[in-house]
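Taking it in order: structure first as C-alpha cells, then the write-up.
Note that the chains are named A, B and C in the order they appear, and that numbering of residues resets to 1 at the start of each chain.
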Amino acid sequence: MTLLDFARGPALQWSLIILVFGVLWQLLGTILIGVKKDLSKPRRNTAVRDGLATIATRSLPEHQFEKKIRFQHFSGYAWHVALFIAVLFSAPHILFFESVLGFGWPHLPNGIILVTAAIALAILFALVIRRLSHPVQRLISNADDYISVIVVIVPLVTGMLASAHIGARYETLLAIHFLSVEALFVWFPFGKLMHTALTFPSRFRAGAAFGRRGVKA
Amino acid sequence: MRKHQTLGVYLHAQGVSRRAFLKFCSATASLMALPPSAAAQVAAALAAARRPSVIWLSFQECTGCTESLTRSHAPTLESLIFDAISLDYHHTLQAASGESAEAARIAAMEENEGEYLLVVDGSIPLGNPGYSTIAGMSNLDMLRETAGGAAAIIAVGTCAAFGGIPHASPNPTGAVSVSEIITDKPIVNVSGCPPIPVVITGVLAHFLTFGTLPDLDHLGRPVAFFGQNIHDRCYRRPFYERGQFAHTFDDEGARKGWCLYELGCKGPTTYNACATLKWNEGTSYPIASGHGCLGCSEPDFWDKGSFYTPISAGLWGSRETLIGAAAAGAALGVGSALAARARKKKARAAEEAES
Amino acid sequence: MSVDNAAFRDFRESLERLGIDTPSEVISDEERVRRAKQTFMDKLDGRMAVDLTTCVHCGMCAEACHFYEATQDEKYAPVHKFEPLRRFYRRELSPMRWLFRPFTRDITAQDLETWQELVYDACTGCGRCDMMCPMGIRLSTLINVMRQGLASAGLVPAELQALQNEQRDSDTVFGVGAGKLREVIDRLGRQGIEIPLDKDQAEVLVLTTAVEVLLFSDALAATAKILNRLGADWTMLSQGFEAANIGLVSGDEVTQKRATAKIVEQAKACGARTVILPESGHAYQALRWEGANVLGEVLPFEVLAMSEFIAREIDAGRLKLKSPANGSSVTYHDPCRLGRHGGVIEQPRQVLKALGLDFREADSNGRENFCCGGGCGEYVIKRSAPLRQKAFEIKKREFDETGADTVITSCANCRINLMIGADNAGWQKPVESLVEKVAASLAE
C-alpha cells in the first residue's frame, strides 16, 4: 500500500471515525450536563429570538470594544472567511466532500483558491505572532492553542504545495496533505477547535440569558 | 538471419539508410535524456553491436503487451530494432512448438550464458504452481531457470513489473511481479497496461550502447520515460489550473476538451510518457481521446477505487462505519453527561450537608 | 440632597477597621482544595461547560476589563481569572475527563490563594467581558463560581468575610439593625417625612440597605416622598429591611440564601404584591434574578428597582414631575448589576428625560458601561484600593468627557465607590442619586 493509498483509505476512514465519534462525545457530553431551570420571572419571553440574534450580532464588535480589538477582530474573521473559501470552494475538496457526503457544489478557479489560502496563511501567521508576543495571549495560551494552530497551518501549507505541485512528487504532496487534514480531524474533538460547533450554543445561551433580563447581548 | 551479424549490417541489409539510422539514434538519445553528443556514440555502438539473444517469457498475461509491441500498422525503426534482436524464444510469435520450442530456449540459454536478455510479461502465480504452466513447467520454475544466466531482465507490462491485474485484490493465484522472485539480477520495469513500444526499444538501445541499464526510478522504471507524471505534460493542464472541468462524459466541458480530473483521471499520480510520446505513432493517448488516465503504469492501479473516482476523493469504507461511530460517540457523550450529573448531585448533597 | 460629610468620613474610617479582628478559620490545604472542588462540582453547569470548551484564548476579554485597561497587567485578563476552574472542569467534569486528567495539572491550595487576589480584588463581576467575548462566553458567571469555590475554601478576603459573618450570624450589615433603622425613620418623621414601619399588611414592601441608612438617608427620604405622593399602601419592616446580600458578593451560598429567605418570608407575611429595592445593584440581582433560584421557588410578588418603579409610574401618568428652571447637565452611571446584569437601562434614562435635564451619555454606557471599580463588595477590600483608584481614572475621564456637571447613578455602592475615588483624586464633580433627583422635582 502506498502512502497515498494509506492516506486516502484507512487513515481517512479512521480519522473520520474519530472525528465523528469525538465530536458527538464532546458535544453531547458537554451540553447534556444540563442547566438548572431559571425560576426568576423573565422581563421578556423572547429567549429564542434573543439567542439567535446574538449568534449573529456577536460577529460584529460593539462600538465600545471595536476600537480596541479591531486588528484581532477583523483578522480573526478574515482568516475564517479565507479558510472557508479555500476549504469549501476548491474543486478537489468539493470532490472529496462529494465522496463523503454524496453531493457537491460549484467551485472556484485554482488561482483564486491559492491566493485565498495564502491570505489565510498570512493572517494566521500574524495571529500566531500576536499570540507569542502579546502578554495576555502568551499568558492564557496552552498546548491546545499551539497544537490547534499547527494542525490547521500544516494542511494549509501542504494543500497549497499539492495544488501548485511543488516540493515533491504529486502523490507524496497529496498524501501528506491528506494525512495533515486527518491529523486535524483527529485533534478536532479534543481541543478548542470544538469552538466550530460550540460557539453557536454558547452565543445562543448568552443571548437568551441576557435577553430574558431585557439586555441585548 | 545470422546470429553473429552486427546490427548495422543487418539494418543496412533491410534497406535502412545511414541517414535514417542516425536519425533514429539521435531520437533515441534524446528520448533517453542523453546529451546530443551521445547520438554518435549510440550510432557507433548500435552499428557494431552484435544482435543480442532475447528470451521472452509470457506468464499470467493477456498478450496485450506483445500485441502492443508487434501490431504497429506500419513498420517503424523501433519495430526494426525489435526485429533486429535475435528473439530466440517467444511462445506467441515463434514458429516452433512443443519440445522443439523448449529446446530453442535451452539452446539460447546455453549458447548465450550470462549475455542474453530476458524479457518477461505477465505475473507469476505463487498460490499453486499449477495455475500457470508451460510445457509442464511452472512459471516460477521457468523464471528461476531462465533468469539464472540472463544479463538483465526487462519486466514488460504492469503484470510483470508490479503484479498487475492478476495481482489485483483478492489475487486468487497469489500473483507476484518478477522483482519479487528474482533479486540478484538487474531488472528494468517497463510498466503500463500495455507499455509504450518505444520504451522497450529505448531500453534495448541503451543496453546495447552502454552495456548497462538506464537510470531507474524508485519503482525500477527508466526515469527517462517515467520521470514525469501525465498531468504535468498534459495538454489539458491549463483547464485544470483555471478550474474548468468536464463533469460528465457528454457535457459541454467534455466537448470542449476540459480537464478530466473530476471524472477520475489519474494523470497527476501516474508516471508515464503517454502525454509526450503518445500511442499509435504519436496519434493520441487516452486523455486526448476524452477518457481520464487509468494510472495503468502504477502498482496496484486496479485496486485504487473506481477509475471514475477523483483522486482527491477518499477511498474509505462505508458511511455505515461513520454512522456507527456517531452512535457510539453519542452514547458515550450521553453516558459521560449522566455520570457528570451524578457527580454534581453528590457534590450538591455534600454541600448541603456541610452548610 | 447631599451627603453628610462627617458621616462619610466616619464610614471611611469604619472601612479601615473592617475585618481586622475577623477570626480566620484554620483549614488545612487539602481541606481547602476539597471544599473548593466540591463547590466547583456543584456550581459548574452545562452552559459553563460549553463556555469552557469553546474558549479560543483570543484574550479579547482583557480589553473589556477596567482593571486590565487601567494597569495593562496581563494577569487581569478575565479569562485568566477562572483558569483553575477550567483545569478542574477538564479533570473532573468534562466528558473527556479520563483523557484530559493526565495532561491537566490539578488545582492546589497555592492556586486558590493566588487566585484570591484575581477574583476578589481585581474583578467586580461587572460582566463587561461577557459583552465582548466573540464566543458568547459569560465570563462573569465563571469568575463567580471561582468566588464561590474560594468562599467554601475559607479564602474570602477578611473585610468581606467580616461582613458576610455579620449578616450570616446576626442579619445585620455594618451593624445596622432594627434600632438604627428606627432612629433614622424617627429623624425623618420629625422632618415631616412619614415612613410606615411594620404594617401588618401592605401592597408594597420597601427595602433599604445599611449603607443608605448610614450615609444616604436622603435617598430613603426621597423614596418615602415619592411613595407617599403616589398614595401607595406601603411599609418597611424592621425585621426585613436589609436588601444588601453579602453572601451573593462573597460567594457564600448559605449567607446569600439566608438573606434572601428573610426578605421573602417577610414580604409573604405582609402580603406584599410588590417589593421595591433601594438603589443597589447587587440587591437587585440577589432578589430579582437570583432570589427564586436560590430558594428554589417562584417568588409570589414582583420585584422592582426604585428607578424601574419610578419610570413605570411616570409612564403611567401617576407621577408628575416639574422641570427645573435651568436644566443642569447630567450623565448617568449604569450600575453593572442593575444595567448589564439587570436590564434596567432604559428606565433611568426615561426618568432623567422626564426631569428635563440636559442628559449626556458617556462614551461607555448602558450594557457597555464601565464599572465604578468597586462593585461586588470590592470597595471594602483595603489592599485593592490602589487598583480601584486606577480604575476610577477611567470613570473620571469618561465623566469629564461628557462635560456634565453632575454624575447620577442609582446604586449606593457605586456612589460610595465613586465618591471615595473622587475624594482621593480631589475630583469635585458631585455623584448623586436618581431617586433624590426625582423626589426634589415632584410637581406640587
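Keep in mind that, in the parts below, a residue touches a chain if its C-beta (ideal position, glycine included) is under 8 Å from a C-beta of that chain, and two chains touch if they have at least 3 such contacts.
All values derive from a computational prediction rather than experimental measurement.
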_Most centrally placed chain - per-chain CA mean versus overall CA mean_ = A
_If you tally contacting C-beta pairs for every chain pair, which pair wins?_
A-C
_Chain at maximum distance from chain C, centres defined as averaged CA atoms_ = B
_Chain centre separation in whole Å, for chain B relative to chain A (CA means)_ = 42
_Based only on mean CA positions, could you tell me how far chain A sits from chain C in angstrom?_
38
*Report, in whole Å, the distance between the mean C-alpha point of chain B and the mean C-alpha point of chain C.*
80
*Counting only residues that touch at least 2 other chains, which ones in chain C make the list?*
44, 46, 93, 95-96
*Residues of chain A touching at least two other chains*: 25-26, 28-34
*asked:* Can you pull out the residues of chain B that are in contact with at least two other chains?
replied: 332-333, 336-337, 340, 344
_Give the list of chain A residues in touch with chain C in this complex._
25-26, 28-36, 38-41, 43, 54-55, 58-59, 61-65, 68-69, 72-73, 76, 131, 134-143, 145, 190, 192, 194-195, 198-199, 201-207, 209-210, 213-217
*asked:* Using the touch definition from the top, list the residues of chain C that touch chain A in their complex.
replied: 44-47, 49-51, 53-60, 62-64, 68, 72, 74-75, 77, 79-80, 83, 93-96, 99, 103, 130-138, 288-293, 296-299, 302, 339-345, 363-364, 367-368
*Mind pulling up the chain B residues that touch chain C in the complex?*
332-333, 336-337, 340, 343-344, 346-348, 350-351, 354-355
_Using the touch definition from the top, list the residues of chain A that touch chain B in their complex._
1-2, 4-5, 8-10, 12-13, 16-18, 20-34, 91-93, 95-96, 98-100, 107-111, 165, 169-171, 174
*Which positions of chain B touch chain A when the two form their complex?*
229, 231-232, 240-243, 245, 261-262, 268-269, 299-300, 304-305, 309-317, 321-322, 325-326, 328-330, 332-338, 340-341, 344
